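Two complexes come next, and they have one chain in common, subunit A, joined by subunit B in the first and subunit C in the second.
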Partner chain A sequence: MAALGMLTSANLNGGQKLAVKYFTVAIALFGAQVLFGMLAGIQYLKPDFLFGILDFSVNRMLHVNAMVVWLLFGFIGSVYWMLEDESGIPVVGLGLGNLIFWIFTLAVVVVVVVYLLVQVGPGEQSSIWLINEGREYIEAPRWADIGIVVCVLAFFYNVAATFAKGKFTNIGGVLVMDLIALAGLYLAGMYYTPNISMDQHWWWWVIHLWVEATWEVLVGCLMAYGLIKTMGVRRKIVETWLYIEVALMFGSGILGLGHHYFWIGTPEYWFTIGGFFSALEPIPLVAMVVHAVFDAGHHKLKSSNNPALGGFMHTLPQINLYTHGTQWTASHGHLAFFGAYATMVIAFFYMAIQKWRGDVWMGANLVGAWKWKWAIFMLHAGMITMVMAMLVSGYEQSQIERAIGGSTWMAYFAGQEHRWFMQGMFWRQIGGWMFSIGFVLLVWDMITIGKRETRAAYVLPTETVTA
Partner chain B sequence: MLEPVKLANFFIVFFSAASVILFGAIYALTFAWSRLKNRPRLMPLAYAAYLGLFAAVIVLAWAANLFNNTFWSVIVLLMLAGYLVAPHAIWHLCVGTHAEDLHDEVVPIKVFQQR
Partner chain C sequence: MAETQTQALWWASESFWRKMAIWVTAGSFVVLIFLTFDTVKQITAGTKRVPAYSAINNRIDYVFDAGRNFQVPVIGVEEPLFGKKLTEAEAEAMVSHGKLTTQAKNCMGCHTLLGNGAYFAPDLTKAWLDPAWGSKDAREQAMVDFLMHPELAAHNALGRRMPNLGITEDEARATVAFLKWMSSIDTNGFPANFKPIDQADAAAVAAPVAEPAAPAADLAASADVSSTPAQQ
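So, the complex of A and B:
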């Protein structure tokens, strides 16, 4: 074991060495997401900005795709991080895992270069395979789609084989089952049909079920492990709640898909299904508040690593009729992705740095703690500002474009040019700058945190892993 | 199945939907706080928040024309019943899943309703 505070891979096991590679690429892609989001935001205010050089359509596509891929890299890295610890044995097929990492990273680079340089021209069968598949949010060309599935399958093999050979904990069991869905559901986004209603039907399987169901369970597994490691929560408790989450996902999350099927030409019964599950949406909020108060009182928030709603309002079809595809959706998406996924991956970054520096102290009175505190503050304050600003613009679009203008083409532009919409976009950009400062601070902190620290980490009482 | 919202009721729909979320959060917060700190005097506040939530759901249902359809009327009733019992159910789950911890602690946590 190297000296405390020194960044050396000798402090890590095989899976963790692979994990930090994934984390490094994830942070770079996180930066790309922020950068292209800022450029797209400026183009709302000054439409001529970079027109013909880096169009809004490309910036927006890169902003969204970078988010999907950095979170995916973050999740895969987080699973490799905990894999040996959780299963009790070295990762099975680590060489394959390393090979897949390099292939996956190279593929991402090629896709980004093609996004940047080759996006104007006729759309043909060859462009679907090589340039852009044309499906919003999952624009990656078909070869990259297949590549993602192959990478996830190799990742699945690493995880399933390691747990099968070592200890199959409850977290491991849920994780392995979830990874089957992670590879399988992505296939729905590759189904080609000239019928736009059918195309959208399957596309939503990827957007809702892949991202909102399989990712949520995956994050549940990561959070369970993280809570054991950073807060010393009993394994039995977190595993019970993991099962409760999976039950909720089966009970409400899957058919919650219904609220995406209101206006794409699917049968009318989706109003009934979507509306029913929309009414259930505030219940997890109520549950979360009750549980957070209970836990805050119960554990007094002791931790060994300190750094570590609008769904209901617009999933009722009566409201969604006016909000669908407006800035309401962008507002909801920003808050949901940051709150549910980005914060969890950032927590794993910090857990990794702590161990990478030889299990250095990251509790109270940490040297240079102002950086992570300001980073977290700026990220959250920036995000809340963006979300509220987009909500104002979204409300204006619902009123001017949808309710008064009747959703005509002219009404769309009237809504987009209205003063309230532009004011919302201006404040969204201010929020974006705040978030960008938070990101820079975060990266600076991750490079330096624990460097000058001489104390060893606070050791939480542990318990035996139950198979 | 769907009766579009009247333009005059547009703001009311969004305001009442937001109120459902806010009152729901206040109800859950004061309910859990009252149980955690063993302060029954806070419980009327929790139920006052639920009354606010009840009123917001009724206004939302009226403005969004939900009462003109049997299915949506049933959904409204289910929402009201669900929100009322959800904090109770989650509290029972919290106490149940932490039962061993509570039993092991030297100074037991002051929960209003222990098993």
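So, the complex of A and C:
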């Protein structure tokens, strides 16, 4: 084994070597998300900024797509990270996994270059096959959709075959079932119809059932593994919790899909179903927070934010009629994605770096610990500032545009021009700068943490001791 | 009593929650499948909630329904788009071309459609009925002109403009067809409290077109820097 504190791939098992490749791309895409979000934010304040060169629609598309893909890369990497540990054997078909990583990364690069340089096409099928599908979050052209499904299937093969050959733990079982759902649901988004009601109906199957069901369970699996690894929590307890979370998440999340079916042409019974079940959706998230409270003081697993608070009222139809499609949604989206997913993936980055440097000390009194502490502070403070600012703008927009103005274009701009709205946008940008600084610190810290560290990692007491 | 320390109670045991997880997931999914069959039937084009594409041959309005306690789209008298009545197949082809245009130009990158998308520009659900177009007679051409050269129009005091996306005249007309058709979808009263463009029959009024249309068309084309004080 190489010297402590050096980045050496000899410290990693096969799956983990692949994982750090995924993590590296994920961090680069996280940076892209921050960059294009900043550009789009500036365009709210200075509409002529990059007008006709890199319009808001392009920046915004890159902002949200980079988020979806970096989290996906982070999740895939995290699963490869834990796979050999959890199953007890080397990854089955690792060569394929490596090949797929390069294909996947290349495809992402091509999609982004086309987004940036081609941007839009004629109103023909060829445009949605080659350039841009124009459907929020899943804008990636159809050829890339097919590529994503192939990549996810190869990934699924790695995971399922490894668990099947090695030890099939409860975490492994939940994970395999969840990945089947994850891959299958993506297919629902891969078709064209002139009927926009039908389009959005199936589109939500991908967006909602990914984000509010399968991603949550995936993160539940990762967190279960993380708790056992970093805190030495007993497996039996963690796995029982995981099943509780699955029951709560799928129990509320599957029919919670209905809260997207209020206004897109779908029948009125979704008011009752969607309103009821999506109001239950915070419960599993609160449960996860309770879960994460154990992590306090342990920087490698930062506690989950609770994205539920703003979301709860927002999902009741009586309120949503006035908030649907406003800055309320943007506010909720930012907090929820960051709190539920981004922090989890960042936690895995740190676990990876620790092992990569030969299991160095990453507990108290770390050399240069100010960097991660400030990174976390700036990321959280920036996020909270952005979310609160958008919430203020959202309140104003609901009132002026929707409640008073009657939702016409004039009412829309009356809302947008209002001083309170623009103040919210200004402070959102300040929050964006804070978040950007946090991101830079985070990357700097990840490159340097544990570098000159000579102490070995704290060894957790084994299960028999805690039991 | 001491045994409960090591042996979990049945309601706190792993096997109980494993069964719960499986049954709850399967149960929810079965309910969702049943509802999906019904929903898909109800949102197929040519039904009550989502009208046939040939609805673009008629006037579409958005009026308050006392029974449902919100506004609903109403398909009225014959009023063909661009003065040309289309068959169902022709109408579908035109709406589809418009839908493809909205996707290829990534309209959702700034606008919301049925409330979904981005929030940099107005919602398009009822764009066809928006009073900003001025008069219902000038509307069709005003929409086409705007879509082809949006960068020339200043909509607001903020200076936010729509970029030129290279929309051809055919694409612009198809997009208008798509927007007109979309306004006929029953969205359970979204957007609420909406004040549609005046579509009352002008037939009885024999007034010259030019006179009332002029200020209205002006409003549509450059609507409107001066509108802000009026709004507040």
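The criterion applied here is as follows: the second predicted complex is superposed on the first by the 430 of 467 C-alpha atoms of A that agree within 3 Å, B and C clash if a C-alpha of one lies under 4 Å from a C-alpha of the other, contacts with A are read in each partner's own complex, and residues count from 1 in each chain.
Everything below uses one rule, namely that contacts are C-beta pairs under 8 Å (C-beta built on N, C-alpha and C of every residue); 3 or more make two chains touch, one makes a residue touch a chain.
Predicted model only: the values in this text are computed from it and were never measured.
**Student:** Looking at A:T24, would you say it contacts subunit B, subunit C, both, or neither? Reply first, second, both or neither.
**Tutor:** neither
**Student:** Taking the superposition as given, does A:Q43 touch the first partner, subunit B, the second, subunit C, both, or neither?
**Tutor:** second
**Student:** Is A:Q423 touching the first partner subunit B, the second partner subunit C, both, or neither of them?
**Tutor:** neither
**Student:** Let me test your reading of the model: by the given contact rule, A:T448 touches which partner, first (subunit B), second (subunit C), both or neither?
**Tutor:** After superposing on A, A:T448 lies clear of both subunit B and subunit C.
**Student:** Touching A:T343, do we find subunit B (first), subunit C (second), both, or neither?
**Tutor:** neither
**Student:** With the two structures laid over each other on chain A, which partner does A:I283 touch: subunit B (first), subunit C (second), both, or neither?
**Tutor:** After superposing on A, A:I283 lies in contact with subunit B but is clear of subunit C.
**Student:** Determine, under the contact definition given at the top, whether A:T266 touches first (subunit B), second (subunit C), both, or neither.
**Tutor:** The second partner, subunit C, only.
**Student:** Quick one: subunit B or subunit C, who's touching more of subunit A?
**Tutor:** Touching more residues of subunit A than the other partner does is C.
**Student:** Quick check on the superposed pair: does A:Y395 touch subunit B, subunit C, both, or neither? Answer first, second, both or neither.
**Tutor:** Only subunit B is touched by A:Y395; subunit C is not.
**Student:** Does the superposition put A:G275 against subunit B (first), subunit C (second), both, or neither?
**Tutor:** first
**Student:** Once the complexes are superposed, what residues of subunit A are shared between the subunit B interface and the subunit C interface?
**Tutor:** In subunit A, positions 236, 240, 244, 268, 271, 321-322, 403 sit in both the subunit B and subunit C interfaces.
**Student:** Hey, which residues of subunit B end up touching subunit A in the complex?
**Tutor:** Contacts found on subunit B: 1-5, 7, 10, 13-14, 17-18, 20-21, 24-25, 27-29, 31-33, 36-37, 64-66, 71-72, 75, 78-79, 82-83, 86-87, 90-91, 93-95, 97-98, 100-101, 109.
**Student:** Please name which positions on subunit C make contact with subunit A in the complex.
**Tutor:** My answer: residues 8, 12-14, 17-18, 20-21, 24-25, 28-29, 31-32, 35, 38-40, 42-45, 49-50, 53, 92, 95-110, 112-120, 122-123, 126-127, 130-132, 151, 155-161, 163-168, 171, 174-175, 178, 182, 185-195, 223-224, 227-228, 231-232.
**Student:** In the complex formed with subunit C, which residues of subunit A make contact?
**Tutor:** Contact set of subunit A toward subunit C: 40, 43-44, 47-48, 51-52, 55-58, 60-61, 119-125, 127-128, 131-136, 139, 170, 174, 192, 194-201, 203, 236, 239-240, 243-244, 246-247, 250-251, 254-255, 257-258, 261-271, 273, 321-322, 324-327, 329-330, 402-403, 405-414, 416-417, 422.
**Student:** Give the list of subunit A residues in touch with subunit B in this complex.
**Tutor:** Subunit A reaches subunit B through residues 234, 236-237, 240-241, 244, 268, 271-272, 275-276, 279-280, 282-283, 285-287, 289-291, 293-295, 297-298, 309-310, 312-313, 316-319, 321-322, 395, 398-399, 403-404.
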